[in-house]
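One chain, subunit A, appears in both complexes that follow, with subunit B as partner in the first and subunit C in the second.
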Partner chain A sequence: MSWLITLFVILPMTAAFLIPVIGKLIKGFQKTITSVVFLFLTVLSLFFLFDGNTEVYSYKIGGWEPVNGVPIAIYFVIDGFTILMLSIINLIGFFSAFYAISYIRRFTAENNFYTLLCLMVGGMNGVVMTGDLFNLFVFLEIAVIASYALVAFGVEKNELEASFKYQVLGGIASLLILFGIGLIYWKTKTLNIADVSDILKYSNDRSFLLFTQIILIAGFGLKGAMIPFHAWLPDAHSSAPSPISAMLSGVLIKAIGIYCIIRLFFNMFIINHEISLVFIILGSLSMVLGVFLAVGQWDIKRLLAYHSISQMGYVIIGVGIGMMILANNGNKSVAALAITGGLFHLINHAVFKSLLFLNAGAIEYKTGTRNLKELGGLFAYMPVTYSTSLGASMAISGIPPFNGFFSKLLIILAAIKGRFYLVAFLAVVVSIITLASFMKFQKFSFFNKSSITEKPKIKEVPFPMCFSMIVLAILCLGLSLLIFPGVRETVLTPVVDILMNTTDYSSTIKDI
Partner chain B sequence: MKGMSSIVKKITQLLSGMIFLYGIYIITHGHLTPGGGFAGGAIIAASLIILVLAFGGDELTVVKRKEGSSVTESLAILAFLLFASFALIIGTNIFFHNYLPEGIIGNLVSAGVIPLYNILVGIEVAAALFTIILAFIIYKEEISK
Partner chain C sequence: MTLFILCFVLFLVGLYGVLTRKNIIKIFIGLSFMEFSTFLFLVLIGYIEGGIAPIISKNITNPVYVDPLPQAMVLTAIVISLAANAMLLAIAVKIYKKYGTFDIRKISNLKG
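After this line comes the complex of A and B, so read on.
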C-alpha cells in the first residue's frame, strides 16, 4: 500500500493542471487523460479493497514522526471505510468522465470542464483519506469550489441562480465547519482526528461538546443536504450538466457530507444518546419530506434530486440507529446490521442515482427537454436508455433482485429489531411512494404514446454514453452480491468494524 | 480599456517597480519573516494590476495577457507538485519530503525546499489574481459593447 495512496491526490491534481497547458496544443488530450487517470485510480482502489488487508494504515506527509506520542505530521489514514469511499468516488468519476466525452461537446470550454472535474475528484479523495481536521476542511473547499463552478457551467439564467444559491449556502456551511474545527482546536490544542479523539475521551465538558457537535451537524448537514438544510440541492443538482449531476448526487454529498459526519461522530466524538436521536429525526424527516417533494415534480432532474435527499435519509437512519444502540449499550449485532444497511445503501445509492442522472442526461441530449409532460414514447427509439433506467428505477424503489432492495431490507430489519417501529413503518411507506414516482418517470418519458409521432428522428445516444449507462446498470444488479457471506466479509464488514469499535481508530493510529 | 491621465501613469511607473521588488522580498524571506508565498504573490499581482489599470490596452492584448497568466499559473502548480512528489519518484516514499540540505537557521538560503515552495506559490498566486482581474476587465468590456 505505502506511498501509492498519495497518488489519489497527486494524479487528479496533476491532470487538472496539465489540461490548461497541454489541452490547447493537443486535441482530445483533456478527455483522454481524465478518463485514464480515473480508470487507473479505480483499479488501484479496487485492488486495495480486495487485497484482504483490513488493517488501519496511516501515512505521514513530510515524514514527520510523532514527538512524545503527539502526532505533528498531516496524516493520510487508510482503513476499510476510506478504501470503500475511494472506490465509489473514482468509479463514478470514471463513468461520468467517460460519459462526458460525448455529452460535453455541446458546451464550449471543454478544458475548463475537465480541469474542474479533476479538481473535484482530487478534493473528494483528499477528504476521505485525510486524518487531520484542518486538512479535511482544505480538501472539502477544493471539492466544493470546483462544484460551484461546475453547477454554473451552462452559464444560463437558471444555472447561475442555482450556483449562487449553492455558493451562499455552501459558504455558510464552510463557515460553520471551520468554526466547529476552531472550537475543537481551542479545546484540545490539536487537529489530528485520532489525537482529538484521545483527548476528548477524558473531557467532561458536556455542554461544549454538544455545542460543537451541533455546529458540525449543521455544517456537514448543509453539505450533505439533510432536510432542514436542503434548499440548495434541487436547484444545483438539476441545473448542472448531467455527468456533474451524477457526481454531485452520487458522490459529492456522500463524500463531504455523510462520510465526514460518520467519521467524526463515530471515531472522533464519543457516541451519545442525544446526537444519535438528532440523526434519526433528521434522517426520518429527510426520508419522508424528500419523497413527498419529489413525487409532484415534472422536471426529471428535479425529481431525481429530491429523491437524493430522501434516499440519503435511509443512510442516516441506518447509521443513526446503529449509533443509538451503541450509545445505549444495546445488542451489538443489531447495531452492526443497521450500520451495514446504511453503508450498503450508500454504495447502492451512488450507483443507481448516478445512472438515473446519466439517463436523464441522455434523454435531454436527444430531445432537448427535461419536462416529463413534453416527453413520451421514447422506449422504441432509445432502447439502451430505456432498459438501463428501468433497472435503476427498480433498484431505487427496492424491487427484489436489485441492490436497493437488500439495503432497504437490512435497514428496515434493523429498525424492527431495535424497536424503532415508527421508523421502520416510515421506511416502508417511503419506499412505496418512491416506486410510485418512478413509475411516473417511466410512464411519462418512455411510454405515454400521445406525443410519439412528433419525434421520428430520435436515435440512441453515442457509444461512450451507452457504455457508462450499461456498466452502471450491470453494477445495479451485481452489487446485490455484497449482501452474501464471503463478499460481505471483504467489503462491508471491515467498515462496520471500524465504526463499531469506535475507539480502535484513534488507538491504532496513535500506535503506528 | 482606456488608460488614465499622464500624472497617474507616471506615478504608477515609478511605484510599480518598487512594489514588485517588495513582493519578491516578501516571497524570498517567507521562511524567515512573516509573509511568504501567498502574501508576496498578492503584492506582485497588485504591482501588475495597477499597471494594467493605469495604462489600459485594447481587448485583444488583455485576452492575450489573460491566456499567458493562466498558463503560468498552471505551470507553477505543476512545478510545485513535481517538487512535492520528487521524493516519491527518487524512492524515499515520502510525499512533501524536505530532501535538500537545511543549512543554518536564519540564513536566506536555508530550510531546504521550503523557499522553493514559497517562490512557486508566489508565482501561482500572482498569476491567479492577475487572471481574475483580467477576467473582470474582459467581462466589463463585453458588457459595455
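After this line comes the complex of A and C, so read on.
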C-alpha cells in the first residue's frame, strides 16, 4: 500500500521527461498525458483522503531501515495534512492543464509548457510529502525553477523583467532556507524532521533556535509572499500565462510557503510565544496592506495577485492565533477553531483564486486586454465567464452561501474568543474592502458600456476552458459543506489534530 | 570561529552587490557570492579538528572522521544552483535582446 505514495512524484516526473521525446512524434500526446496523470493523482489523493482511517503511511527511499531507532533513509510521509495539500495541488493542477488545452494554442512551444507544468507539480508533491529537510529543499528548487521558466513563458519585455525579479528574490530565499537547514543540522546532526523534533525537545539553546526560526521565516516568507517580502508576487503572477497564474497563486505559494512554515513550526520546532506573535503581525500586515494595494489596480491580474497576498494573511492569522493560544496553554477548543479556520481558508482560497485567474485568462483570450478601463459589457457575450466569476467574487469577499464566508467567519470567531479584538476588527474591515474591490472588477468588466463590445466577434470561450471554470465554481459552492459536522470530521479534524498534538508527529513517524 | 565570520562577511559582500549594483550581470555575480558563502558554511559545519576522510580501514586506530553528509549536501546544492544560474543567465540574455541594455534603471516597465 505504501508504495502507492511514491507515484505522486514518479508520475509527473516521468510525464515531464516523456513529453519532449514522444510529444514531437505523436500529436496531442502532451495534453492527454498531463491531464490523465493529474486526474489519476487527484483520484488517488481523494481516495486517501476519504478512506476513513487516519493511518500514517510512509515510504523509505532505498529501503534503509532505522538503526537503533534513528531513521537513516529519506522518508516520504503521508498524514492528514499532507493528503489535504496533495488533493488541492493535483485538483487545481488538473483543471489548469485541462484549461490550457485551448488557452495555450496562442503560444508556440506547447511541449515545453506541459513539461514545465509537470515538473512544477511533481516538485510541489515532493515538498509536501517529504519527511527530510534537505529533500524538502531539493523538491522546492525543482518546483521554483520550473515556475521561473513558466513566468517568463511569453518571452516579452514584461514577462522577462518579472521573471528576473522573481529569480533574484527567489534565489535569496532559497539560500536563506539552505542556511537555516544548515544551522539545524549543525545543532542536531540529523535531517529527518521527526528526529530533529525529538532532539530539539531536550535542547535549551533558546537564542540559537530563535535565530534559526527567524532565518527560516524570512526564507519561506519570501517564497510565500508575506507583506515585507511581497515585491515579486504581483509582477510574476500577472505576467505568467493564466493557467500558470492560477497554479502559482492558488497552489505554489501555499505548498512551498505556508505549508512548510506550518509543518516546521508546529511539528518540528517547539511552539513559543514570540514566533506566534511574529506570525500574527505578519498576517495582519499582509491582510491590510495587500487589500489597500489591490484597490487601486486597473489590471485584472495584478488586482487578483494583490488579493492573494491579502487572503494569505487570513490563513496566517488563523494559524498564528491557534499557535499563540497553544503556546500560552490557553483554551484548546479556541485554538482548534482558529487552526480549522486557517486551513479551511487555505483550501477555499486555492479554489476561488484559481477560478478568478482562469476567468481573467478567458477575458484576455477573447478581448486581448486585461485593462479594466478598456473592458465592459461582457456579461451578454460571455455568460459562463460572467456567472462563474460572480460566484468566485462572492466567495472571496465572504457572501454567505459561498465557502469564503464560512472560513472567514471561523477565523473572526476564533479571534474574538481568543480576545484578539483588533485582529477580528481588521479582518472584518478587510473583508468589506475586498467586496468593494470585486464590485469594481464586476462592474468594469461585465456591465459598463465600452467600445470593445461593439466588435461582433466576442463570444464564449471554448469547451475545455468553460468546463474548468464551471467545475471550480461548483466547488466554490460545494466546499462550504466542509463546515458541517460529518464532513468536517473526515477532512479538517485529522489535520487540526496533527497540528494541535505537536509532538505526536515525531513519535508516529519513528514508530513506523 | 574566524572561518565562520569570514564566511558571513562573504555573504554580506554578495548581499551588498545584489542590493547596490545596477547591472544585471553584477547582480548575478553578487548572488553567486551569496551561494558560495552558504556552501562554504555547509562544508565548515561538517569539519572536525584533525579529522580524516571517512573511509573505514583497519590500519588506523581510534579514527576521527569528518562528517561526510554536509559534503554530499553541498554537491547536491551546487548542482541545483547550476540549474538556477543557467536559468538566470538565459533570462539575462533574453532581456538584453529585448531591451538592448543590462541597466536595471532602464528595465522598469512593471512597478512591483
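Here are a few things to note about the model shown:
As a working rule, the second predicted complex is superposed on the first by the 507 of 512 C-alpha atoms of A that agree within 3 Å, B and C clash if a C-alpha of one lies under 4 Å from a C-alpha of the other, contacts with A are read in each partner's own complex, and residues count from 1 in each chain.
In this section, contacts are C-beta pairs under 8 Å (C-beta built on N, C-alpha and C of every residue); 3 or more make two chains touch, one makes a residue touch a chain.
Predicted model only: the values in this text are computed from it and were never measured.
In the superposition on chain A, no contact is made by A:Glu489 with either subunit B or subunit C. Of the two partner chains, neither subunit B nor subunit C is touched by A:Asp511. Of the two partner chains placed by superposition, only subunit B is touched by A:Ile61; subunit C is not. In the superposition on chain A, A:Trp3 contacts subunit B only, with no contact to subunit C.
When both complexes are overlaid on chain A, the residue A:Leu18 reaches subunit B alone and has no touch with subunit C. Contacts of A:Asp205 after superposition: neither subunit B nor subunit C is touched.
Measured by the number of subunit A residues touched, the leading partner among subunit B and subunit C is C. Counting contacts as defined above, no subunit A residue meets subunit B in one complex and subunit C in the other. In the complex of the two chains, the subunit C residues touching subunit A come out as 15, 18, 24, 27, 31, 34-35, 38, 41-42, 45, 67, 69-70, 73, 76-77, 80, 83-84, 87-88, 91-92, 94-95, 98-99, 107-110, 112.
Partner subunit B is touched in their complex by these residues of subunit A: 2-3, 6, 10, 13-14, 17-18, 20-21, 59-63. By the touch rule above, subunit B contacts subunit A in their complex via residues 70-71, 74-75, 77-78, 81, 84-85, 88, 92-98. Taken together, the subunit A residues at the contact with subunit C in this complex read 134, 137-138, 141, 145, 148-149, 152, 155-158, 160-165, 167-168, 171-172, 174-175, 178-179, 182, 185-186, 189, 191, 231-232, 234-235, 239.
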